[in-house]
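I am attaching a structure below and will ask some questions about it afterwards.
Note that the chains are named A, B, C and D in the order they appear, and that numbering of residues resets to 1 at the start of each chain.
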Amino acid sequence: MIKKINNIAVLTSGGDAPGMNAAIRAVVRACSYYNLDCTGIYRGYQGLIEGDFEKLDARSVRNVINKGGTFLKSTRSIEFKTKEGRAKAYENLKKAGVDALIVIGGDGTFTGGLLFNQEFGFPVVGIPATIDNDINGTDYTIGYDTALNTVVEAIDKIRDTASSHNRLFLIEVMGRDAGDIALNSGIGAGAEEILIPEEDGGVELMMESLEKSKKSGKTSSIIVVAEGEKSGKTIFELAEHIGEKYEEYDIRVSVLGHIQRGGSPSCFDRVLASKLGVGAVEALTDGKSNIMIGVHHQKVVHVSLEKALKEGRKLDKELRRVANITSV
Amino acid sequence: MIKKINNIAVLTSGGDAPGMNAAIRAVVRACSYYNLDCTGIYRGYQGLIEGDFEKLDARSVRNVINKGGTFLKSTRSIEFKTKEGRAKAYENLKKAGVDALIVIGGDGTFTGGLLFNQEFGFPVVGIPATIDNDINGTDYTIGYDTALNTVVEAIDKIRDTASSHNRLFLIEVMGRDAGDIALNSGIGAGAEEILIPEEDGGVELMMESLEKSKKSGKTSSIIVVAEGEKSGKTIFELAEHIGEKYEEYDIRVSVLGHIQRGGSPSCFDRVLASKLGVGAVEALTDGKSNIMIGVHHQKVVHVSLEKALKEGRKLDKELRRVANITSV
Amino acid sequence: MIKKINNIAVLTSGGDAPGMNAAIRAVVRACSYYNLDCTGIYRGYQGLIEGDFEKLDARSVRNVINKGGTFLKSTRSIEFKTKEGRAKAYENLKKAGVDALIVIGGDGTFTGGLLFNQEFGFPVVGIPATIDNDINGTDYTIGYDTALNTVVEAIDKIRDTASSHNRLFLIEVMGRDAGDIALNSGIGAGAEEILIPEEDGGVELMMESLEKSKKSGKTSSIIVVAEGEKSGKTIFELAEHIGEKYEEYDIRVSVLGHIQRGGSPSCFDRVLASKLGVGAVEALTDGKSNIMIGVHHQKVVHVSLEKALKEGRKLDKELRRVANITSV
Amino acid sequence: MIKKINNIAVLTSGGDAPGMNAAIRAVVRACSYYNLDCTGIYRGYQGLIEGDFEKLDARSVRNVINKGGTFLKSTRSIEFKTKEGRAKAYENLKKAGVDALIVIGGDGTFTGGLLFNQEFGFPVVGIPATIDNDINGTDYTIGYDTALNTVVEAIDKIRDTASSHNRLFLIEVMGRDAGDIALNSGIGAGAEEILIPEEDGGVELMMESLEKSKKSGKTSSIIVVAEGEKSGKTIFELAEHIGEKYEEYDIRVSVLGHIQRGGSPSCFDRVLASKLGVGAVEALTDGKSNIMIGVHHQKVVHVSLEKALKEGRKLDKELRRVANITSV
């Protein structure tokens, strides 16, 4: 028999992403709508272990929908990786009368939540929020769309300078395993080349393309490089590599870095976060557990946490083709 | 037998939308990639009639992907609504050696293109670009995502003032027949109420909700109103209507207006425009005609222009529900 | 003998302006730096009358420097215009042990502060914060620079549309008595004409200029109109007036409205607010009162409240000349 | 006897800065206003040597006021540092019938212009445009205000992440010799510490301040570091230095880099550029030469190029004090 849910706790964990606040707000508001208590947990799983809890009501989340970051804060907890840590967390939840837990974050967050559910049978639902868009079973993760806009706005600025000076810019964007940010922002920013983790031989293709560009008289270029690009070279080594072969290029490197995680969320991310937050609360009141609330074909879907954590996301080959064609 | 396509013309027509330049660029680049000629037509169907043509190559579209508006300009042509006008247009295309036409715009644009195709058998492909997202058969139109971001950014600014002064703001956003902008931006901006053309009785519901808010002590509110809202009242009359009943409210009206059509396109719109522009050229070289290139479930799809022009888009009821829940 | 200042109260009043939060923060931090107590007063003079006070310390103002609006909120108080109201306010300050009052706002705010000082001898210092830049004795008011950026960004968006369609846009910006916003944003946005309250005959000059533009074949135009423009016509009547004479123009009106008061403050406004906030606390601890802290030639200056309230700000004729020259 | 000026050439040189296009536009429009010819020179002094000239009229500079970079492009010319190079440049100007030259840029640009004037007696006027604000005799250089806004917006985004994770961020901003960007953006972004080239011992002060912060329980911090900070350590070495002493800090480094040079100019920079561009043309028609057109106390001023190039700009000590007080 399924226990009735009266009190739902919510936390954010792992790297922060724009729209996390909008997701928390939707969870809190949905609890309020369904007359459930809502317990906010500060600092992710670490706060769960330390009992850093606060009751949240509809008014607690006023004016947060447009704020970057997460007001519940986020940490990476080493203690939660131990059995003892998780046991403490469980005791705290019981003591506080919490019946279910919503965890907002990426794969590390879901791994923790899944383990916790398996050990204690505690109802857990995940909401995917990471700028990397690297979660299986959801078309989009919260924060990804905003990060893309941040990246193209930054590259637009760099292009002003690149065009003024006929320069070649290597721009590093986030994405350790997934090239989604690089590929989409590369198309969006009109990059001449895009290097992504999912492809081998990118550097050779880039060198060939620079050869062609040189012949056609093109002198300024933007090359977008995902963090996890496959060559084994740092972006500074890549710049040197090009410089050795093409002395005529005035090459610059820009690592966009942490600005990509911040900023006021886009409308897309705010609406997505609102849908998933409401969906998470409704899944729990429907007796569901151990799932991620995702979006597929614009509909809210339920995906088992195991499946969400599986690798196997594929590169969108059509998009790669579009990138190649529009950069001629 | 299908005539081989060697020269593709492209025009923008109707209300402009951010991302039109990105779509033109993708058409031009795809022509270049497939070694086709590309002919730009200025000022939409009027320029077609007047022969205002220019050859475009890959370099013609440098640094336009991030620009709002359309560098090919757009007009509403009365002459193209006459048989004589369209005949002149056809002659001009023949004279210029153009084999097919890509029209970028909304329903008016597609209606013209369809008629032209039917009369002269001239291959026409449409690309949906309008901030209203009111075209059948495509999940998104170019410019819609950018407009949503423009609207939520504007409302974020107004909320600063609303919160500082405990005021009630009525904010009019675009959308004559479709409530998509109002509903999504309303959720994204955290509006307390949303009035849309697809629903009757919105004003009564709003008044009830204000009654509740008043009782709960809430004093500042944002109400998003779509242009085509059903009450028959202007937004200024709505403000008066509220003011008569609730003297205690300090009510202000803001009509967002034309800023919603402009601005640098979002990454989403730039990528969408790139996909659709490439898809349009490839459809023509595949012998397709009389279709719109849309996007459905993140894939490029072909939709007959007749179907694209059909009414019957439905309100996303799930989204309406999310709006109601997150505004408690 | 001057009483030593141990406890300073701060309030915001009148129309809100971006950077008010940064000014409050600077006041609070300066109090903390000099080991003074700081008392925040909510809702301006009305909160003063109702005793809506809260102790503020350095941590109370974390993460507010970048927020628009004012977290202390602002109202226009009718009660403070009565002797009884002001007497209540005085009693509340005495009861709370407050020794001096910093008022952040525009001329209405300073008028209230001056009267209060005259009646009760209570030390009052003003900080000019209004988007209109219409205070005598300071080169800039807090919020003005941000409003200019908001206006030019909005007009940039509208110009996308104007250029795409060859349209004439009349754009109304704030400024009832002062043309500073219209003149500066008009130059900054590349407007063809600018109508301001300080000049007569603007409409006639505009009509002449449109005549010239028409002859030179110019078809899209931006005309910036200050709210308080002198013709006695509303902006919609102006549009009609033009339309009657020039049928060939496709004329649109845009009233920018309340977005001009909101938004994250520019760096200029944040730094200005920081300087003035610190300056206000230091003026009080130096025994000064009845003054406004302004900025002149990039230095912090003290101006008597009487002088700050005097009219007599002049139009910058050089700037008007630059506007005329750069719009040829 | 002074030769009448009929044809003025304009170029941009050195690092690009937002607002250069607005300055070019004002030069071109002022030439048009005074019925002078205007010759645009591409790629700075290198284009002068290569004769890369184009006639510009009022319409050539439509829709450029809001664009970053410089449409005339900019290079650093080694050839212009040789007598032969400059001689070629002089011949080209004579051949093209140019009577005077306006150079837009920073100190390198002015050094070139001064030398050219001294050797050939050719009238040269400079317009200060560099994001570093490091030119003597003008309160502001074009591009500086925009760069400050770009930096604070970037740091606002990083603070979202810093606050969410309780992290310490070291953020490198531009400024090799001048701390103006670091000091102003540091105040504007609410940085806890600011390291600038004009001060010794900044690192020690920073370490002391971190000690204090640690004791007071403060866990997230933003430290803004100017490129040319005095310690001789790179920002990565600084991070290590802190990490060795304070293991408890989760330290991250962000080098903002080239985004600081791009972007649409702020209203302040557009108006400044308009004033200086008009002033430069009027100075030449008044028979002036060998000067920079600057702004001092909001008025256009003439400064000899020698004086503009002199070092001796001082740190604004008042501003440093404000930084110390508002970061308590």
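Operating definition for what follows: a residue touches a chain if its C-beta (ideal position, glycine included) is under 8 Å from a C-beta of that chain, and two chains touch if they have at least 3 such contacts.
Everything quoted here is computed from the prediction, not taken from an experiment.
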Give the chains in contact with both subunit A and subunit D, ordered by label.
-> none
Centre to centre, by mean C-alpha position, how many angstrom separate subunit B and subunit D?
-> 39
Between subunit D and subunit C, distance of the C-alpha-averaged centres to the nearest whole Å = 28
How far is the middle of subunit B from the middle of subunit C, if each middle is the mean of its Cα atoms, in Å?
-> 36
Got the subunit B residues that touch at least 2 other chains?
-> 156, 159, 163
Touch graph of the chains shown: is it line, ring, star, complete or other?
-> ring
In their shared complex, at which residues does subunit D touch subunit A?
-> 12, 16, 18, 20, 67-70, 73-75, 150, 154, 156-161, 163-166, 169, 252, 254-259, 261-263
Which of the residues in subunit B come into contact with subunit A in the complex?
-> 25-26, 29-30, 32-33, 58, 63, 65-66, 139, 145, 148-149, 151-153, 156, 159, 163, 184-185, 187-190, 264, 266-268, 270-271, 274-275, 277-278, 297-300, 316, 318-319, 321-322, 325-328
